[in-house]
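Input: a single structure, listed below in structure tokens.
We just call them A, B, C and D in the order they show up, numbering each chain from 1.
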Amino acid sequence: MKKTYDAIVIGGGINGCSIAYQLAKRGRSVAVIEKGRLADKASGAAAGMLGAQTELTDDGPLFEFARKSRAMFPELARELEELTGVHIGLQNRGMYRVAATEKEAIELKKLIEFQTKSGETAKWVSFQELMEQEPHVSSSLIGAMFIPNDGQVDARELTIAFAKAAMLNGAEFYEFTNVNDLILGNEKAHGIQTDLGPMYAESIVIATGAWSPFLIEKTGLTLPISPVKGECLSVLTNKPLIKGTVFSHGCYIVPKKSGRLIIGATVKPDTFDERVTVDGISSLMEKAKRLVPGIGESELERAWSGIRPLSKDGLPFLGEHPSCRNLYIAAGHFRNGILLSPATGELIADLMDGKSKDSGPFRLSRINSSVSA
Amino acid sequence: MKKTYDAIVIGGGINGCSIAYQLAKRGRSVAVIEKGRLADKASGAAAGMLGAQTELTDDGPLFEFARKSRAMFPELARELEELTGVHIGLQNRGMYRVAATEKEAIELKKLIEFQTKSGETAKWVSFQELMEQEPHVSSSLIGAMFIPNDGQVDARELTIAFAKAAMLNGAEFYEFTNVNDLILGNEKAHGIQTDLGPMYAESIVIATGAWSPFLIEKTGLTLPISPVKGECLSVLTNKPLIKGTVFSHGCYIVPKKSGRLIIGATVKPDTFDERVTVDGISSLMEKAKRLVPGIGESELERAWSGIRPLSKDGLPFLGEHPSCRNLYIAAGHFRNGILLSPATGELIADLMDGKSKDSGPFRLSRINSSVSA
Amino acid sequence: MKKTYDAIVIGGGINGCSIAYQLAKRGRSVAVIEKGRLADKASGAAAGMLGAQTELTDDGPLFEFARKSRAMFPELARELEELTGVHIGLQNRGMYRVAATEKEAIELKKLIEFQTKSGETAKWVSFQELMEQEPHVSSSLIGAMFIPNDGQVDARELTIAFAKAAMLNGAEFYEFTNVNDLILGNEKAHGIQTDLGPMYAESIVIATGAWSPFLIEKTGLTLPISPVKGECLSVLTNKPLIKGTVFSHGCYIVPKKSGRLIIGATVKPDTFDERVTVDGISSLMEKAKRLVPGIGESELERAWSGIRPLSKDGLPFLGEHPSCRNLYIAAGHFRNGILLSPATGELIADLMDGKSKDSGPFRLSRINSSVSA
Amino acid sequence: MKKTYDAIVIGGGINGCSIAYQLAKRGRSVAVIEKGRLADKASGAAAGMLGAQTELTDDGPLFEFARKSRAMFPELARELEELTGVHIGLQNRGMYRVAATEKEAIELKKLIEFQTKSGETAKWVSFQELMEQEPHVSSSLIGAMFIPNDGQVDARELTIAFAKAAMLNGAEFYEFTNVNDLILGNEKAHGIQTDLGPMYAESIVIATGAWSPFLIEKTGLTLPISPVKGECLSVLTNKPLIKGTVFSHGCYIVPKKSGRLIIGATVKPDTFDERVTVDGISSLMEKAKRLVPGIGESELERAWSGIRPLSKDGLPFLGEHPSCRNLYIAAGHFRNGILLSPATGELIADLMDGKSKDSGPFRLSRINSSVSA
């Protein structure tokens, strides 16, 4: 085992792997340290929606960042497939954010107006128009906001593709390896203590999602990120129930290959407990049946969960530690980790390169001002 | 492969294996032919309740037969464990058949009266008494019929124990073997055609549950048995939610080892489709939460189904074919296959031995009179 | 349930689904009857190699048919993805048929010569050239025949894609449905008896792989097809061990997405027993480690098996029953079911349409002459 | 969540749960903190052999402790089953430690002599005698040491039974909860920092197996325990291949219920990587086939691994921290965690109670003398 790298990335989830890929591509020697398997936690649990317009509904900096990241996918998919042979499952059959009440319809129409002004495509489809496209949705719906550009990927495949692409550019991956401590000194990070012994690097990135606060705590900084469990299930059906993703308050249904539909996701704050509960799954089943009644007859395949990292102000933390040089953080992506991974990888690499000076609204120095725990 | 046996049993489920054990124990050479694995269909899907008093609520011949069979379990458990080392999980922590309405309470009290007259133990427990024993049941219940003698076993283990005990007495088992046809002649069964070639026997027993009608059809007899799918799920909890089995209209909850609870079962008539549906599982979850609210927080483990054989008059078919000698049938046990297996094995063996002359209410000659399809 | 169709296809494996797709696309009303799930048997177990040149080494009619079928894949992949959204995983990173001895090298060189004459591309690569392309293969190898055009697909996805494409053209699929008998009369097939009742059609196709002889037996014809079990395993590795498929006598290693390698396959004749044995898996592991030593450190994922239909003369049976009109058979594809499925679907549809008059070397009338059992 | 306990046990494996049970039974308020699920690591991976005489072959203190612990099982099994309803699968069909060479035979005969002097039962069985008892073992064996008193349990069930028994005595269990730090002060442990916040106790026990050194490191003590991966597989067979456990150098085969045999275990030092490798499983398969050739035909069920804690001198660490009062350690049981769990639970509880003054050879003060890392 080599002991010294240009960069060490802690965390083999979607963002750790994207960062490792960007760094390795730019010629840096990189090690990725993962306590279990790659894509084993939230990244492997994600449904893979690229919901820049569906999920991010106000005019904040995250909307901007999300649109930028979403735009990177087509080129990225080609690049990764060429390099690694992995097909990341990028698909774009559109997303329907449905309205069940007049109030929801009014809100969605406002959102369409705002997004249209921002230069994005979004349009209102009446119930009749919706039924023409998606004849199996519930007849109790009023209409939907249709977002043609919010596609989806296979989240696990994308993570693996990033990792393999990084490896092919020389990155080394250590799975089943614990990071027990940071090696700090002189207001600078020098390396990490692992079960395999110490490892040193010019730059260290913490990208361990909901688990990020623990290691960072050792620097004296309390990172205001909390764990939020999301439970999902998948069902199988040979009937073409939906073509696009159907998204409502509290439930989404994402069509995947081979007649698989992913139904998600519950929101259970402040827990690392990964167990999938009867309450969680039965509530998702009820909601999904209300959206697409034919789901009742589909086959239950399996259920799982992921622990998502929610930051106090809803924005991820991306950038250098405020008081410890060479230590970078990329965490707090909540439900948008897959969508934001291309832009996150690029931004962290740009910050290290000096191509970006600052991560603006995502910088860590906002802690202890507006977002302190 | 030997070609000639005293008896061939078609079907490696609970009743086929029980019959094989009885025959082998009595010195007969026996072959069991199973198209897949042993205990792979309804027998492996069963929750293992021995609900003689819980399930069989009228004073018919099945109640009698069920009580007799239930009484055989303690000795059988010892015998099988001694012979095979398999612990069949016989347990008796009692069963509660609960009442949610006054009407149900009145019916259960009548049932208690009837069963008491029949010499069985059953008593009414008030809501207060119920809560003392099972403090986690719903506070909306009125009370319950408590049946101390309706225990449970591990249905799969029992099937395997019968099979191993049969093997130790010389029986041969052919798994993954199809029976393509019966070899008939002169109003008599002589053998079977299998993928492994023909096999011959003095006696042939068809014990293939819901699939029994297909092979029997070749004798010109339409066996009035239909397939009824039952879906189940299991949940895990470290909380001691229930000690005894809780049974209501449409849902039962059976405590198993290691904090596992089995929740069953839906009743979907006329289908061989084994897929577990969203509708089925969500309805069971709702019912179980209404009985024991704490189940909502328990962990979903898995879901499965079994196809149970329902006869037209509700009684199993046990005995010789009405017009084809040496051909026996043991099928149609519906939800009571596990409970009835000891008595079924003994009865079929007794009929072959001439120890019993007739299977009375279970005889096949009742077809084409009251129960014809 | 509709009762009358233009065509009924029995068997929801790769060839049944391909035939159904061709027929539905040509405007016929089609029903597919499958006793379990689609792609549940040999089709779901296949590694998906399109080994027209790798597997078919003599100049027989099958080589011709296989080349034709292989050539259909690129267009088919586009067509199916456009229609159904399913990505069938068509890949072409070439296949290496390796030589471990001089004798094998000589044979492969002869084969290259023959194939080159047939107009196909195949070339000898020395050990040095092999190591440049595939640096992780064993240093004990001598060289390899490189076949750039033998690609691969995801066999299960292709089956599902055929099925969904058929459905979108109006075909109906009945899973978990048994066909209990053929309805014959006047030297013609009229329909089938199923658990759901009788169904009638102008044409009936039997495409039930190794199970095909059973139903056909009822017509008095003994179809000389026997079941051959093939066991496989998959391993996971993050190291890029091989890029192309490596194929040797008795073992192949197929790289799949996400670092999965499929290692196959044993050849166990005359059995329907699907159990994966210790002997089978340990022998595959040993062979794979001899080909690519680094496989020893990879992670065992899972093992499975499929029952492949081997015809007596090695050629599939494709065409109309010799003495029973309207009854078609498409079975006996042995290890080449995935590769041959596009051409099989087209041929059966052409025969029904009268576009082909005869299936030549694959016709059923050859039974009872050279190939009788 | 309560914040203050008499005792906190870190680690929900077999020894943590045994300790919690002993403490709770003695009236202490106890919390168990487990980062994942109970019995999820080495305890759930164990084959459950109680090999006091089979595994511990020299006359050290561990042999004494192991014999004492083994003797506690019959009473413990009764106690736990009565309390919790969990059947821990205690079985005693004896163990055969086989000899394949004359040299091994001589060593085993010496061991028999020594153990007999120690008052234990062990006898030499010749090849003929062995074949009478175990007719399926390899004919290449010379004989075996037969140990009638080394039985087995179901390791996972025993862990769960300890936990449930502790709960029924008031203990609280926190699964999926990380312990991030110890709260130390004044040469004393006061509590722990968890994701759920701080928790305080009079006594804190670290029972986290191979992961124990990490938390203890914070006290300045380097615990000389290293992780050793052990891979296992299970096979299924309906043939009664072996009745007792067969144990040889490098491989053991343990018969479990329902025809399951567990084959273990590899020994891979210095790794936390839980992945099951092709090398590991193929070597176990080869060894098992050499011991019991019929295993070759049995069905591969699954493979898994556990990370076992090996201490530098081979003895577990049991007792109070040498320089930090109230902090107890129970770790380093290597392959004997299941066997030693009853005595471990009792010893730790006795030390806390003052019933034992010292854990003698297992005390922690031996670190930095003979066993320092």
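Basically, contacts are C-beta pairs under 8 Å (C-beta built on N, C-alpha and C of every residue); 3 or more make two chains touch, one makes a residue touch a chain.
Note that the structure is a prediction, hence the values are computed from the model and not measured.
Colleague: For the interfaces B-C and B-D, which has the higher count of C-beta pairs in contact?
Modeller: B-D
Colleague: Farthest chain from subunit D, going by the mean of C-alpha atoms per chain?
Modeller: Result for the farthest chain: C.
Colleague: Can you work out the whole-Å distance between the CA centroids of subunit C and subunit D?
Modeller: 48
Colleague: Please tell me the distance, in whole Å, between the geometric centres of subunit B and subunit D computed from their C-alpha atoms.
Modeller: 39
Colleague: Among the residues of subunit A, which are close enough to touch at least two other chains?
Modeller: 175, 275
Colleague: Show which residues of subunit C lie in contact with subunit A when the two form their complex.
Modeller: Contact set of subunit C toward subunit A: 38, 85-87, 89, 91, 93, 156-157, 160, 163-164, 167-168, 173, 175, 238-240, 243, 255, 257-259.
Colleague: In their complex, what parts of subunit B are in touch with subunit C?
Modeller: Listed in rising order, the residues are 175-178, 180, 195, 211, 214, 217, 227, 271-275.
Colleague: Quick check: in the complex, which residue numbers of subunit B touch subunit A?
Modeller: 235-236, 275-279, 281-282, 285-286, 288-289, 295-300, 303
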